[in-house]
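Okay, so subunit A shows up in both of these, paired with subunit B first and subunit C after.
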Partner chain A sequence: MAETPRDAVIIGGNRIPFARAHGAYAKSSNQDMLTSALNGLVARYGLQGEQLGAVAGGAVLKHSKNFNLVRESALGTPLDPKTPAYDVQMACATGTEAIGSLANKIKLGQIDSAIGGGVDSISDAPIVVSDQLRGILMEATRAKTAGQRLKALAKIRPAHLAPQAPGTGEPRTGLSMGEHMAVTANKWGITREEQDELAVASHRNLAAAYESGFFNDLISPFKGLSADNNMRADSSVDKLAKLSPVFGKDLGESATMTAANSTPLTDGASAVLLGSEEWADAHDLPKLANFVDYEQGAVDFVDGAEGLLMAPTYAAARMLKRNNLTFEDFEYFEIHEAFASTVLAQMKAWESEDFCRDVLGLDKPLGSIDRSKLNVNGSSLAAGHPFAATGGRIVATLAKLLYGKPGKRGFISVCAAGGQGITAIIEGR
Partner chain B sequence: MAQDSYTEFVNTGVGKKITKALGLPQPAKLRRYTPDAPLIPGPVVLLGASEASDILARRLLGWGLDVRRHIGPKEKVAAVVALFDTAATPAQLSETVLAVGGLLKQLKASARVITVFRDPAHTEDPAVRAARKGVEGLTRSLAHEMRAGSTANGIVLHEELDIASPSVAGALRFLLSGRSAFVSGQFITVDSVNGALPEDWAAPLAGQVAVVTGAARGIGAAIARTLHRDGARVIAVDIPAAGEQLAAVANEVAGTALQLDITDDDAGEQILSHADQYYGRLDIVVHNAGITRDKLLANMDSARWDSVIAVNIESQLRMNRALLKSDLFNRPEGTVGPRIVSLASTSGIAGNRGQSNYAASKAGVIGMVSASSAQLQARHGTINAVAPGFIETEMTAKMPFATREVARRLNSLNQGGRPEDVAETIAYLASPAAAGTSGLTLRVCGQNLVGA
Partner chain C sequence: MNEPIRIPLPKLSRLYQKAGLDAVRSKLASAGRLTAFPEQSVVADHPGISDDQAEQYRRLLGGEAFDKAHRLSLPSVLLHIAGFPVQMALMSRDAFPLPLMGMVHLSNEVLHSQPVGAGTPLQILARADHFAPHRRGTQADVIIEIYPAGMDIATAGPADCLYSSTSRYLGMGTYLFPKEEGSSSPREDFTPPPKTALWTLGSDAGRQYAAVSGDYNPIHLSGVTAKALGQKRAIVHGMYLAARMLEGREPESAGHRWDITFEAPVGLPGKVAFAAEQVDEKTQQFVGWDPRKGRRHFSGKLALP
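Let's turn to the complex of A and B:
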């Protein structure tokens, strides 16, 4: 990428443990969780009373009352209230987008410090009234006389009262994300076995990282939970093989996606502290890694030309070209495990001569990714995936992995609903 | 914290009448330290004629106190400082002792009696040692006789020590102030001329960096708050599982949170590296983290025994080794060096049924502290322990009502202490004005009858 005026440094991160939906955080709101993650970050780095350049983040599922979710959360911390804060939303890439755009602002010299992150709750999801009922209520609000108001309200029928919960279905196709992924997995010939192996590796790697104390300065407990409660350290391919497919069932024998090789619905929050080199030094803060570059991608999934979660494959090609890098230049790969098959399909695409030539327009394939460098401390299949919180989890984990390895690079891929995605490059210090 | 409703009741008009008529204990509301309160609210009577007495008088006057050699029979007395530093025989104690006795009925609430004498261990002369031990005995008895939140304590001077040494002033000021509210019947030994008096007595730890382990709640959180109030920047340490409360404490004291298991082999190194990264210095380490796993020894399993020993004493030994190897935890220049203060327990002194593991670990702390003193002195530092008695915490709030009620009243102040009382003593031992005191285990127990 073109020389930037200065580096954007990742100083550290904090997240609360991720909890399976309707469990440990069932009674916590997005604001509670994000505030806790921010408070832990402020405490870890002694940021009390500090005026930062910005706090940005978001939630995918958000109550309308949370129109200023991040600002309200930041106001609940000891940060100087003069710190601006704003919401960002790009589905599951929300956290990564927030962090990437803050890094850009730091590089440009617009701000010296920032916190980026995200939060999501399935347990406290906004449930809304039906469009018909909402229409009637709005009509009643506009009424000028009591008679008009009564007339409007008299239109309410029992069927209008059924609440509507948000789904993870794609508005334009009506298919759930899992069903979309099942089509892509089938197209790329992703086997059940390799998906289960990837899921087991995720659990084992995450458990080993906890065991070694890796997360001691990346996680602070919340509501009595001190580790991700989806994690199964004793997970095995044999156990996983017993599960029945939950997505792509119309594929019959070829259905491969189970509850274990798909991420569970999860609640959680994360935050990452960024700063310029000078700001970090002036505040005696560690400098784990640089946030080098990031790229958004989007694909046309609506008419079926491309898989819903394949956008990062395109973004990666452009980002690597711009930075004059190949996969061989990377020490670690963090590919968000929306589904095990998402990771595997993206990797197959990058290995495919035809795809890389015909679709990505490359001279040769991007190549294969060494599995020993992939999601080495676990990923979303084990940790869980509170949509907007995943970016912060990945960036902080990767930055810590690269700390003390100056010049070594890490690669990030995060897919998102709406056929979008983000890839990013981090470099150790 | 547990609610001591009996003490609240006694301190109402009707409560006082009823409980007095029934001959029940009379716990008083103790005078506790706040930075803007007077050091001692009323006249300080200085007894015992010696050269030392003039030096102390000048010191007390320098603090703006109302110092008297004599006082009228109608006047209230806030403190009595009695000098026995020249006593050579038990018979010579008489005049000053009886003068103290004559003032006891004039004491205000939360008054102080402070005896000052030379260390009995430093003389081989039987009569001199008998006289000095005599002062110990009378001070302890006096502490039992005190009423209305008043206390009696002693300052024990090294044989050759100049009474003008800063740490004598430091000990005197601590004992006069509300910081020592729950300390009674105890002795502070001053062994060296090391030490410095702070520019601002309200911020004796200004500019210093302190680590507090087990800081997420209870006594540890109180220590973090007290050290912060006294001017220190605080690194709050606790196990990762306590991280949520730890963050709240760190944010409250504008410090940093370090999630760490102190039984990790490299816990000391992790603390040093954090201090170096965020503050570039480390002055004070408070080993507060501790656990209990009570069981009669006959029913004790290795998990209970070993975990208590590992957390309460082995971890401290290991961390101290790392600290004492480090250049960061050192002040080569000056006379005020690094401080270690450990949490012992009255269980470690007297033993306690069902607590063989805990008592072993806490007695171990007392041993460690006395044996480490020389190593710290080589760095102009000190190491001391504080042994709390019954303190009102979340832990003691869980005790059965009757047991708790008995435990509370079983001391000369007829009440439990507060976490802040322990914290105040730790802050004093960590301060530059206590640099002359090392290897000591100071009890904060209201003169608990257990192990007295």
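Let's turn to the complex of A and C:
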């Protein structure tokens, strides 16, 4: 990549433990959780009263009353209220996009400091009234006379009163993300065994990272939780082999995706502190790593030309080319485990000579990724995946891994609904 | 062809009442033999599909708004809906030899030559053709041709036709030809391809499409009304499936051809697994099936100009 005017430095991160849906955080709102994650970050880095360049983030499932979710959350912290804050939305890549674009602003000199992150709650999902009922209520609102209003309201039928929860299906295909992934996994011949192995590795790596104290300065407790409660340190391939498939069941014997090798629905929030080198030094803050570059990708998934969660494979090819890097130049790989098969399908695609030549237009395959460098401190299968909070979890984890390893690089891949995704490069300091 | 008979745009509710009566008194002249194929066509003026109806259709099927700047051309199935009452009027004429009740929609083939926007007045012509034996009765093609209002149809050429559709129907149990013995063809094996979509149809899918199309055939409305007509449960309109198959794929400038062949009906509520496959640059093929039983509901094709 062309020389940028200055580095965007990752200073640190904070998240609340991720909780399985309808559990520990059942009564917490997105704003509660994001405020808590921000408060932890502010406390850790002494940002009380500080006016930052910007706070950006978002939530995938958001109440309409939370139109200014991030600003409202930031106002609930000791940050200077003159700190601008805004919402970003790119499905599961929301957090990564927020952090990436803030890093760009820092590089350009537009701002000197920023917090990027995200939050999501399944337990407090925005339930809305049906389209029919909303139409009638709006008609009644527009009515000029009591008679007109009554006439509109008289159209309400019992069936209109059923509340509607946000679906997990892709709007244009009606297929859930898991069903989409099942088609892709089948196409790439991803086996049940390799998915279960990846899931077990995720739990073991996360548990080991907790054990070693890695997360001590990355997590602050919330509502009685001090660690991700989806984690199963004693997970084993034998145990996982007993589970029945939950996605792609119409594939019969070829169905491979279970509740254990798919990410559970989770509540949680995360935040990452970024700054210019000068700003970090002036505030006597650590400089863990540089946020070097990031790339968005999108694929044509609607009629199945490409798998829903395969966009990062394309983004990676462009990003690596622009930076004149190969996979061999990376010390760590953080590939978001939406499903175990998502990680495996992306890696198979990068290994495939045909795919890399014919689809990505590369001279040779991007190559294989050494498993000992992959998600070394666990990923979403173990930690959980509160959609918009995942980017912040990954960036903070990877930056800390690279701290003290100047010039060593980390690779990030995050897939997202709507056939989109982001890849990013981080470099240790 | 004889000069078409000009009729006022029919009301579907009246035609369904008449169909009920026809079901009671046999349409056949005597001994179930066809005396003459009807050569008569009918034509009706249509004031144009209203903005309201186009919006209702869009709310049901999805897609971008008909803003008349970037999206003006109405979907093919909406033109079929406009032509359907005329088609029904032809089929409920005494000269039409098959009873309307018990008629099964087998397939549909469409050439959508020109874009038609909401509010454009039209002439809709319906005629019947290709009566042929079928192992379960008699099949017939009912053809709809849509022309601009005011055009002299007698001198109109194929280039003047905005839209033409051939609906193949089966008059179940009405044998106008000698019954063919042992002609039942073995069912073709079907292996579902990887699905690209899943349609979840509620128990009200038939009522919703009826509200947009005006096709209140009781077989689509509820379990009770469907049972009265011999179905186990309500089934969705075949053209609703065609509409979903085509949604988002029809070109704004028209000129496309498409077809759909119906197999097992879709019971309500139900799920339809769907796969779209690119055959070549201009052609897509589609198939819909029951994700549990693996039975095929329909297959179709879309060819861009």
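As a convention for this text, the second predicted complex is superposed on the first by the 429 of 429 C-alpha atoms of A that agree within 3 Å, B and C clash if a C-alpha of one lies under 4 Å from a C-alpha of the other, contacts with A are read in each partner's own complex, and residues count from 1 in each chain.
Assume a contact is a pair of C-beta atoms (placed from the backbone, for glycine too) under 8 Å apart; a residue touches a chain by one contact, two chains touch by 3 or more.
Just so we're clear, the structure is a prediction, and the values are computed from it rather than from any experiment.
After superposition on subunit A, the partners subunit B and subunit C are seen to fit next to each other with no clash.
In the superposed model, A:L161 lies in contact with neither subunit B nor subunit C. In the superposition on chain A, contact is made by A:V302 with subunit C only, not with subunit B.
Of the two partner chains placed by the overlay, only subunit C lies in contact with A:V183; subunit B stays clear of it. Contact comparison for subunit A: of subunit B and subunit C, B touches the greater number of residues. Legend: residue contacts after superposition of the two complexes on their common chain; A:G213 is shown touching subunit B, with no touch to subunit C.
By the document's definition of touching, of the two partners only subunit C reaches A:T173; subunit B does not.
In the overlay built on the shared chain, the residue A:D250 is in contact with subunit C alone; subunit B does not reach it. In the superposed model, subunit B and subunit C sit 150 degrees apart as seen from the Cα centre of subunit A, a figure rounded to the nearest 10.
No C-alpha atom of subunit B lies closer than 44 Å to one of subunit C in the superposed arrangement. Shared contact residues of subunit A, touching subunit B in one structure and subunit C in the other, are absent. Across the interface of their complex, subunit C is touched by residues 131, 159, 169, 172-175, 179, 183, 186-187, 250, 302-305 of subunit A.
Interface residues of subunit B facing subunit A in the complex, by the touch rule stated above, are 236, 240-244, 246-248, 250-251, 254-261, 264, 277-280. Across the complex, subunit A meets subunit B through its residues 36, 39-40, 42-46, 48-49, 77-78, 213, 215-217, 219-223, 226, 284-286. Across the complex, subunit C meets subunit A through its residues 59, 192, 194-200, 204, 248, 273, 275-278, 284, 291-292, 294.
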